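To start, the structure under review is shown below, and the notes come after it.
By letter and in written order, the chains are A, B, C and D; residue numbering begins at 1 in each of them.
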Amino acid sequence: MLLEKILRNRLEQKKILLMTHIVLGYPSFATNRQVIAQMVDNGVDCIEMQIPFSEPMADGPVILKANQDSLALGTTVADCMAFGAEMSRLHDIPFLFMTYYNIIFKYGEERFFRDCLSAGVKGLIIPDLPPEMGEAFFQLATQFQVAPILIFAPTSTDERMAKLNNSAAGFIYCAARRGVTGKKSEFDDDFNAYLARCRAATSLPIAVGFGIRNHNDVAAITGKADMAVIGSETIRLVEEQGAEAVGPFIKGLR
Amino acid sequence: MLLEKILRNRLEQKKILLMTHIVLGYPSFATNRQVIAQMVDNGVDCIEMQIPFSEPMADGPVILKANQDSLALGTTVADCMAFGAEMSRLHDIPFLFMTYYNIIFKYGEERFFRDCLSAGVKGLIIPDLPPEMGEAFFQLATQFQVAPILIFAPTSTDERMAKLNNSAAGFIYCAARRGVTGKKSEFDDDFNAYLARCRAATSLPIAVGFGIRNHNDVAAITGKADMAVIGSETIRLVEEQGAEAVGPFIKGLR
Amino acid sequence: MNKDGFFGKWGGAFIPEILHETFEQLKSSFKEAKEDPDFWQQYLDIMSTYSCRPTPLTFAENLTRHFGGAKIYIKREDLNHTGAHKANNVMGQGLLVKRMGKKRVIAETGAGQHGVATATMAAKFGLECTIYMGEVDMLRQRPNVFWMEKMGATVVPVKDGSKTLKDAINEAFRDWVTNVDSTHYVLGTACGPAPFPEMVSWFQSIIGTEAQQQILAQHGKPPARVYACVGGGSNAMGIFQGFLDNNAVELVGVEAGGKGIATGHHAARLCGVDASPGVAQGYKTMFLQNDDGQMLETHSVAAGLDYVGVSPILADLAEKKRVRFASATDDEVMQALDLTMRMEGIIPALESAHGFVQAFKEAPLLGPDDAIIINQSGRGDKDIFTIAHAFNDPSWKEFIIARGKEYDK
Amino acid sequence: MNKDGFFGKWGGAFIPEILHETFEQLKSSFKEAKEDPDFWQQYLDIMSTYSCRPTPLTFAENLTRHFGGAKIYIKREDLNHTGAHKANNVMGQGLLVKRMGKKRVIAETGAGQHGVATATMAAKFGLECTIYMGEVDMLRQRPNVFWMEKMGATVVPVKDGSKTLKDAINEAFRDWVTNVDSTHYVLGTACGPAPFPEMVSWFQSIIGTEAQQQILAQHGKPPARVYACVGGGSNAMGIFQGFLDNNAVELVGVEAGGKGIATGHHAARLCGVDASPGVAQGYKTMFLQNDDGQMLETHSVAAGLDYVGVSPILADLAEKKRVRFASATDDEVMQALDLTMRMEGIIPALESAHGFVQAFKEAPLLGPDDAIIINQSGRGDKDIFTIAHAFNDPSWKEFIIARGKEYDK
């Protein structure tokens, strides 16, 4: 089933979906397995798995360090692809890859899409690949039915959102604010106005990410967005309290 | 009696005269007294007493250091003047002051000459005062009968020597070589030719200085020059062996 | 450049969505400025009153005699205010920032040279300024940090990755996506997302325009070859542009050979075999990366050449064989530097000395009717800590030890 | 100057006889050169191709706004090759040395700036080179020693007297009287025996000639006042000569006030009350000396101003009231430096900053129709060890301590 369809089905049961984020190979694939199990068991609806890259330019300090540590431990793209396949087999929620374009470019775009398809990975989030730069990429995405998830930003104009929407599939990832991952956001009037613009620009489900850390944050966007994205916060949690802390944390979010 | 006359008288008794050099106040006026006594007792014919100056630009390391140490001990020009008077009274040889022009300029040229006259100092050696720069000085020298001793250098042309001779009195100081005080000189054919030029340029007695250190050096110029000048060597001697070593050293020179 | 910012298959603008609008503004401001002859005149004015353009073209008579071949000319970007060609780029971008009405600038710096230049421009133009610098580079180039701070800039040490230039660039981008409304990122070389490669090259073309006129005036005809070191590629692009349209002039870019290409400790992207096409830091070029696309550590005695990527315009010109690429090892660089100081009384920056190495290898092969130009992108006296260290100068070490002890009391 | 080298009652040539002939040769070579228009053209050519003359005149817009009075212009001698106006003098003397056929040059240096310039000139002209430098100054300016050595010069530490500039001058004279046939003494400032004051001033007049034309072009009329720091007086003489014949232009020389004129720790010869007429180092001028004529120790944060004497030409102009003299304390200098860096992105040498201090005091008293020019004789980044030290910069100290420990292993 296509990513958008899966999410829409889930949305029939829930007021808001939850998407979480992990960095593959950090602190280890074993821990990734535990954390993902806890997430799935506690109702997470979608997981983005970041394939680490040496230059994660859109990421803040927590994820940056996780990328570097994972690479230092020897994580390869092949490892990540195999792990993605394993998780998709094991768990009945959609898995996405999040990474930077160079990973895919070096792997070979077509090969990457083919392998994603056979791994059962449902979508890709590539923060440094705007539609203008990825003609072949977006064609392959359609061809292999792996959703290219695009990002709306508060700085995006209505025209720009419309244009992005034309290339996007699965859902739209609305960045809650300027900046990199891992810092707090305010869900104020400005934010609401922005979110309304997002909603108007697309008929895809919309996810909100950047700075969502707790029950209150999730509550603040419930009813306005379709999915809340928890990014750096679970990495911090695993670092400080271990994988077991993830389950209760996720449970408490909604 | 005028300096030239005194020297000529002495030359009637000796094949070559000896002039020695001391730095006033170094290592102390007391030592100066002892050293001068030894010098006079052992037949020195003329003594140049250097009034220390902070910038002794024509002096080499030994005399330079002696200048600085003397000043550091607090030697003043007034001390030197008084000491000059004392020595002239005490010893029956001509005493000269050697110093740099600033000392005289600051003291007041006329006052300096007057004080030299009354101190019985017979001449002045001022290495940084060529005749062109000292019109008043050379007039005062004539007026006060204190001989302005000028220096010939190996680089001086015949014309220049003639010109210097016009302003000089007492004797001509022929620098044996280029450079500053305190280094060895060669008394070779070049030197002899130079000395012949000096002799031709003046009817004043001629002294040779710079690098005369021992009996052999003195012997080398005997018959060619009228006076040998021992400069840095006695300072070195006093430093290394004390004032008492000066007498025997002087005795051995001729 | 095509409309998407590509040169052949290189370049582009691979940027996070948050920067899209700011790039639109930048592209249109740049386009307007480029079409406005007053803008270039304003640029020339400030470069000739605040820096000392035109910088001279010096005939290196002694080196020419020494090598006994082509006449060697040196384009003296070292005489710019702040001591390198970097001044050209920052002053140009500063004028553009004024036009765009932004109040704050940020920059990355490797050698410190671009950081000093940017801090200087910010002081002159009254802009707030933050400079990102890899921690390793900060240690290599401490005096530059001091001057940046004195010029009122905040210098932020970057402790991620290899702690050098590429990491400083990432960190600057992170700042930019956060403060996109108020801030312009003064990229220091002809790299990064479009329009930076073209824009930086445009400002730097002032070097080539001058050099082209100067060599005609002094030598009577164009040079046979032009040499420039290549870090990001801005000084090379700057001087090459004066001669690009004359195919009789051979253009030679010299990359950091580090400890030798074979050792893997180098920064040779366009010569050598370790680089491959990739996309990072917002643009597509030849990167030193592994098979997975992870960037490698690079090495050079010259911090300013110690970078994984290279100008997409140069990648294109390399592919089209319009520019030939060579590399110079650290050791060769120290020798060329030594010779140039002794024979000409000129101190090239370690970066610039790479160009000298290759020129010295080739000068004897040309005739006395030929001229070659070496672009001296900067002066080496800013590099005292690196150069004295690389020469292993004992009295320098003694001096530092003594000073250190004095401070440690 | 009269035939004996006097300006009013100042100057002359109080030299040992051994140097007489060499001064005759120097005087006649200088006279010939001065009368030969080709010589000046040759000088202009080398200064515009080897250094970057004309150096710019920079309008200091921010400082002007800050002080709210006269328009402040800065003459940028810091952009010369080797970083100061000293280059003008040495290149000129270098051409003269070539003319005289001598093969070796010697020089004294205080700040190190003149030593670096001379070593540079010697490398360029293929001359043997020895530099005398006070041991105290060598410690203050170690990087300059390194560069001189790298340029092939021998640097001799002078351990006599106060171990600073004046002692280095004495020592250079000692070398000269020893090696008079082969050697030219490249005196670094407008002091010493005639013809040096006139000759050095002549070469430096290039500054004033340019500045005079530039201010007319940029401001439309001559400046109200011109400021220059005064060590030996060469940069001041250089710029003043562009305006000497226009009595409407007030000329202001700024000496080192050190810890304050009242403390006695300074180098104020033409303002202040501690100096008196004297004769030393071959010329007559106002010296800082005691009643016996012994030279005093001087003090300045700027090694290049830390000197007992001063140009006899300036002594004469002071007496004739054509040039007004003021002093700036070390503290004031650090403040002016700080302000100039932050507001204009320009780093004056500590020496030059003295001129800035006085200009800053007076600028508010003039109107916006008036222009003033400050001669920025050199750049401060050569002074990192002195400046960072004087600012008491903690991270600089940490850096030096760490580096020292590394070397001490």
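The rule is short, and it goes like this: contacts are C-beta pairs under 8 Å (C-beta built on N, C-alpha and C of every residue); 3 or more make two chains touch, one makes a residue touch a chain.
Predicted, not measured: the structure shown is a model, and the values here were computed from it.
Number of steps on the shortest path from chain A to chain B, with steps defined by chain touch: 3.
Chain A and chain C have CA centres that are 37 Å apart.
Taking each chain's centre as the average of its CA atoms, chain C and chain D sit 33 Å apart. Our note on geometry: chain B versus chain C, Cα centroid distance of 65 Å, whole angstroms. Along chain A, no residue makes contact with two or more other chains.
Within chain D, not a single residue touches two or more of the remaining chains.
The touch graph of the protein chains shown is a line.
Contact between chains, per the stated criterion, is found for A-C, B-D, C-D. Taken in their complex, chain D has these residues touching chain C: 48-52, 55-59, 62, 76, 79-83, 119-124, 126, 139, 142-143, 145-147, 150-152, 218, 338, 341-347, 381-382, 384-385, 388, 391, 393, 395-397, 399-405, 407-408. For chain C in complex with chain A, the touching residues are 4, 12-22, 160-161, 166, 170, 173-174, 177-181, 276-282, 284, 287, 289, 291-295. Interface residues of chain A facing chain C in the complex, by the touch rule stated above, are 53-60, 64-65, 68, 71, 76-77, 100-103, 105-107, 127-130, 132-133, 150-157, 160, 164, 175, 178-180.
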